[in-house]
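Taking it in order: structure first as structure tokens, then the write-up.
To keep things simple, chains are lettered A, B, C and D as they appear, and every chain counts its residues starting from 1.
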Amino acid sequence: MIKKFVAVVLTALMVMCAGAAFADINWKAYEGTTINVMFNEHTYANAIIAKMADFEKLTGIKVVYSTTPETNYFDKLNTALSSRTGDPDIFMTGAYQTWEYAPAGYMEPLDAYIQDSSKTSESYKYDDFIPGIINALKWDLVPGHPVGKGKLWALPMGWEINTLTYNKKIFEAKGIKVPTTTKELYDAAVALKEHAGSGTYGLAVRGTRDWGTIHPAYMSLFATWGAKDFVTEGGKLVCKLDSKEAIEMTDYWVKLIKAGGAPQWSTYGWELCGADLGAGKAAMMWDADRGGYTQNVEGASAEAGNLAFSGIPLPEGVKVQRSNLWAWSMGMNAYSKNKDAAWLFLQYFTSPEFMLYSGTEGDCTDTPRQSVMSSKAYRDIVNKAEGYLKSFEEVSANATIFFTPQPYFFETTTMWAEVLQDLVVTNKYKSTEEAMKQLAEKLTDLVSDLEVE
Amino acid sequence: MNKGSKRLLTITQNGLLFIYAIFALFPLIWMVLLSIKSDTQMYTTTFNFTPTLSNYTEVLLKTDYFKYLLDSLIVAGGAVIISVIAGVPAAYALARYDFKKKEDIAFQILSFKFAPEILVVLPLFMIYQTLGLYDSYFGLIWVYQLISMPLLIWVVRGYFEDISVEIEHAAQVDGYSWYQIFFKMLLPLIKPGLVSAALLAFIFAWNTFTFPLLLAGSKIQPITVAITKFLGTDTAHYGQLAVAATVSALPAIIFALCIQKHLVRGLSFGAVKG
Amino acid sequence: MSRITLENIHKTFGKVKALDGVSIDVKDKEFFVLFGPAGAGKTTILNCIAGIAMPEEGVVKFDGEIINLVETAKRNVAMVFENYALYPQMTVYDNMASPLRSDLYRQNEDVIKERVYAAAKMMKMENLLERLPSQLSNGQKQRVAMGRALVRTPNVFLMDEPLAHLDAKLRNAMRTELKEMQANFGTTSIYVTHDFMEAMSLGDRIAIVNQGKIVQIGTPDDIYYLACNEFVAQLMGDPEINILSGLLRKNGDNYSFLSNGSEFVLPADAALMNKLAAYDGKSVDIGIRPQHVMYSFSKDAGYRDYQVYSYESIGNKSVIEAYPAGHSGRGDTHTHVRMIAPNGLTIKIDQLIYIDFKLDHTMFFDGSSKEFIGCYNEAGIRALSAGKEEA
Amino acid sequence: MSTTSNSITPDLNKLPFKTRIRPYLIVAPALIITIGIMIPFIMAIFLSLTNYSFRRPTFSFIAFQNWSRILSSREFWHALWVTIQYAFFSTLVEMVLGVCIAMLLNSLNNWFSKFLRVALIFPLMIAPITATIVWQLMLNSSVGIVEKFLNIFGVFNFPWAAAPSTAMLTVVMIDMWVNTSFVMLLVLAGLQSLPKSPFESAKIDGGSAWFNFVNLTLPMLKPSLYIALLFRLMSALQEYAIIFGLTKGGPGDTLMNLSLTSYQTGFKFQRIGQSLPYILVLWIIVFFTAKFIVKKQRAAQRQAAGLES
């Protein structure tokens, strides 16, 4: 009896506290509404799901959600959006996807909601988001125009930059120092080939035949090298993969993989890269920082605790590390029939309070909010990984999306990845130059029907 | 043939079978081994490791695994039941009656089995959205008919064709009505074929991926769609995937063991003389 | 127990005309045989009676009542199928009990047991009751099929070649049994066969069926002695009747038959001669059964020269087939003559054989239409056959 | 006479309506269920003549533009070639192996073969998508067990799916692992239903084992073989899960068959109209191949029935 009483009082208190934080808007305005949410299977989504009951209790909104593994998530989302039925109301997306969804009219711009004080609590603190990440989710819908201008299409859940993770133990044993230039990286990869027998190798990077191969490490070095994918010339998008920098960089990349990459590189996605690093098969990995971070958590892998983090190795004559950025975000369906209820959901799960939870207890270490990043609780957790915070802060200064926004992103990057595979494992092309020239021509042709103002 | 060479032949035969058995069964054994390995030992050990049941507790107790399994059971099982109810009479009609376009209809039904899933799934998605069948048990059971119905009709039709028409006539003469003949005389005769075809249809429906991926979503998630979830979100938890795969194969394996006696006989597509 | 009437039944299967205007009238308690070559339409007639086949035209009556639209199950017929049609999943007992367990003819299990045992006893297979059909020989299956029909008291027994698949010995025994049973039961029976011995020995009346038509209906004697055409005459009897083509010529008061360059002076028979008058100088076929052909290995007066074509045993006797000597028609079966001979003769192929006919057993057929003209002692035969039928 | 019976009761010779429509009535449920699925086919054909895309809310009719564009592309012919290669190799291997294993199982009657009759079906119970992941792990050069096994024989870093020269071999091998049991099952069923008598008489005639196999076993097994061929060939032509799971069609475009190309164009690149001709061509190939095999199968069945009696 007493137990029950205490529970009731505690609950009431909690609700009141929560209410106090969000008191300025009516959270119960859409009580009884049901909204549908589509998640990609991810830690970020798990953090939300863990707090779903709180949200439902606060708002009286019922949330029906699905989580789909990443290999098929976007196929499913594409199909669902194209039905234009308003289901799902909220979905997880990346920035690249908004370039496709927003021009097609599937996405609801969020600026109006954020600015409306009757819809958005004062405690939401929109300005608290790291500007670089928010900018990655803005676009004016003109192909060729960079991100950062135009409407806001989604709100970030977390983000990733692409840096080097290495195995301290192996590096120490072989007496190799952490590479800071591309030359050092190449030498280290060669030196670490078969560092512990057949099947072990120097550097793990992605190699599958899709966009996932291009956007992390490859695109980061591509941008650091000073290359660009597209430029607007004479009212048209023109592919610049045949530029000197692009060819040089790609040629370096191909040689790097051939000399020190995984023997089965062309089948490697993030999970195999991470697995090899964690198992001590790969001495280094250049991928999303999170990938290395999670392998390093105690009990997660054989090499947990031995992993350390470093920045992006620089090519000769380059001073600035540029990491391409990936931000898992949530967007709203333009055809949603419960937009205001859906906004409450978005607001709640990107609020500083929730972000603090997800950034600490929720394991989502790449927080998009400055307030979280500077909080002690967060820094205590992340500091456990050597060099993580340092390289994170260093690289994130110049992290953004280095792709030129255009709606054929997936098509162009898949073809790009295909050529990369051909260069590494087949003899289809005589030289990198020939391959890149053909590719540039093909991609220019592909995007020629896009209207560029 | 003398005794010695006969013995040699038997040894060779057993040897060849043994080699193939390793090829066929090792991946399964490997899968079970993975399921009792911890993440940290996953890649660094082969056979010499500390077995753990943590993957099992993780998958079976801490996720909605049984809900996925139940979903699979409902859609695959429901699909087979509908196929049996609608398919067995159809198979009978296609075997017995002479009507216009019979062979065409029969082939048409079979050809659905071979329809590329990708071809139908997109238009179906649009139709399902309009009819409200998207993400419903009924919707999935319906589309699974593409998988289970043709197989069932074709196996069972072979059986009906094999039953002498005079047996039916005899039963008519004996005073039985059409449906009594069907249930009392014919069904027992096609049972082996029916059971095996149903099992095979069940396995195919159980293992299908594209349809449930695109035509179901939040409410219903058959195990094939859910299974890659166990790969994990940060690191790949192959151990958990192995658990999910191993347990998901169990219903079909148990089913197969139960009807083992019928199974082979039943798939002779009616070539068995009664 | 019923009178079964078929009127002008037509039945086609696709483009094949199976029955083309069949009419028969089977009397109550009659044992009626449908006899004809394979594919003649005999089974289809049974199926029309049982209701298994639906005629496109024509009427089926049981005791004068039209039953075209009555379902098979409700016609109360018992049928024995040519390939037994036993239910493979049931024991012999259950097979036989099956008609008595249907909704329409249901009996309680005690009655069923009694009837099944009675039928099993009659068919001498009490020891087989627990077996499955797959464990039975063909003869045993046949008996089960018969037994299943016998447990009931139907309007009519329909039997489709019930003895066809049995070996000769069993067939003879069963034939005798059938005849006995038929006498005991007194149920109308329609029996299909292509075996002339069965037809002759079992049938009260025989209907000859050919190409979907009834060619002739009559008592066994009628059919045998007064075959309405050459086809029927050839069908009835084994070895087959000899047909010789020739010319009829007036020879004084009587007639001569000219064939193959030899002249046969026909014995007198007033009634016959009257009928033959119309055929003077015209082509006529004569039919002589093999048992009415006499042969000799030495040249006897009036005997004609033939050469042996073949000599084959058919059990307790043999058949000699011969062709006209020196005739270029060796192998031209139209001129061949078959005759009955004892077994064990030493006969060489092509050796000379001398032949004469018992001409007073001849049947005459129209040379072009092949229809029956007449035979010796026709009135006597008719009287005999009519008398038999009365009885 | 015929006129009388006909004029008095003209309906006597027609089965009651109830009985006449019975065959249609009993096929109807199955047909309705499956015909419903015809609608997507028709829609697909129509959409292939439009510029339908997820990117636009509307679409317009563009006649055969998609078709002419695709049929004249290198991509299409490459995909067709990959499709045929894959179907040919995987079906061939599975048929030959399936028949051999079934024959072995059938000729032996010890505990081992009895055990295998059941156990060898297990791979069929694993979803292809899972089988692919398990194999990928086994074949991985850094952590896989197969690599360790090959190391014993002095083979290091065998590339498996990662190199164009071995990628086809690898996917065919996985397909073989999953599906050989299906062929084996059907052939074993066929073998066990063979009648004994022709073999007994052949024994008396003293024919060799090979002679018996070619002249008796094979012709009587033909119906089962055709069924196995039918099911295997048809799904091999459409293979998607194994290839996608293992290499996503790579390396380069080595394994991009019609299914993958269509899926990629339609679902990943959002060009529905353009994705459909690939799969419609595949559908036509599948349809007519199936029709041909079914015809052969029915003929073989009749022939085998003749041999038997």
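Throughout what follows, a residue touches a chain if its C-beta (ideal position, glycine included) is under 8 Å from a C-beta of that chain, and two chains touch if they have at least 3 such contacts.
Quick caveat: nothing in here was measured; it's all calculated off a predicted structure.
**Q** Looking only at C-beta pairs in contact, point me to the busier pair out of B-C and A-D.
**A** Greater number of contacting C-beta pairs: A-D.
**Q** So what's the Cα centroid distance for chain C and chain D, whole Å?
**A** Spacing between the chain centres: roughly 55 Å.
**Q** Measuring centre to centre with CA averages, how many angstrom lie between chain A and chain D?
**A** Result: the chain centres lie 40 Å from each other.
**Q** List the centre-to-centre spacing of chain A and chain C in whole Å, with centres computed as mean CA coordinates.
**A** The mean C-alpha positions of chain A and chain C differ by 93 Å.
**Q** Of all residues in chain B, which are in touch with two or more distinct other chains?
**A** 42-43, 122, 126, 228, 231, 238
**Q** Two or more other chains in contact with one residue: find those residues in chain A.
**A** Correct list: 75, 79, 272, 275-276, 279, 281.
**Q** Quick check of your reading of the touch definition: is the inter-chain graph here a line, ring, star, complete or other?
**A** Graph shape, chains as nodes and touching pairs as edges: none of the named types, so other.
**Q** Between which chains does touch occur?
**A** Applying the touch criterion to every chain pair yields A-B, A-D, B-C, B-D, C-D.
**Q** For chain D, which residues are in contact with chain C within the complex?
**A** 1-2, 5-6, 9, 11-16
**Q** Which of the residues in chain B come into contact with chain C in the complex?
**A** Listed in rising order, the residues of chain B that touch chain C are 164, 166-167, 169-177, 180, 185, 188-189, 274.
**Q** What residues on chain D touch chain B, complex-wise?
**A** 22-24, 26-27, 29-31, 33-34, 36-37, 39-41, 43-44, 47, 97, 100-101, 104-105, 107-108, 110, 112-113, 116-131, 133-135, 137-138, 142-143, 145, 148, 177, 180-181, 185-186, 188-190, 192-193, 195, 223-224, 227, 231, 234-235, 238, 240-241, 259, 262-263, 266, 272, 276, 279-280, 282-283, 286-287, 290-291, 294, 301, 304, 308
**Q** Would you mind writing out the residues of chain A in touch with chain D in their complex?
**A** 74-75, 78-79, 81-82, 84, 100, 103-105, 198-201, 208-210, 262-267, 272, 275-276, 279, 281-282, 407-408, 410-411, 414, 417-418, 421-422, 424-426, 428
**Q** Contact residues on chain C for chain D in the complex?
**A** Within the complex, chain C contacts chain D at residues 7-8, 10, 21, 23, 54-59, 66, 68-69.
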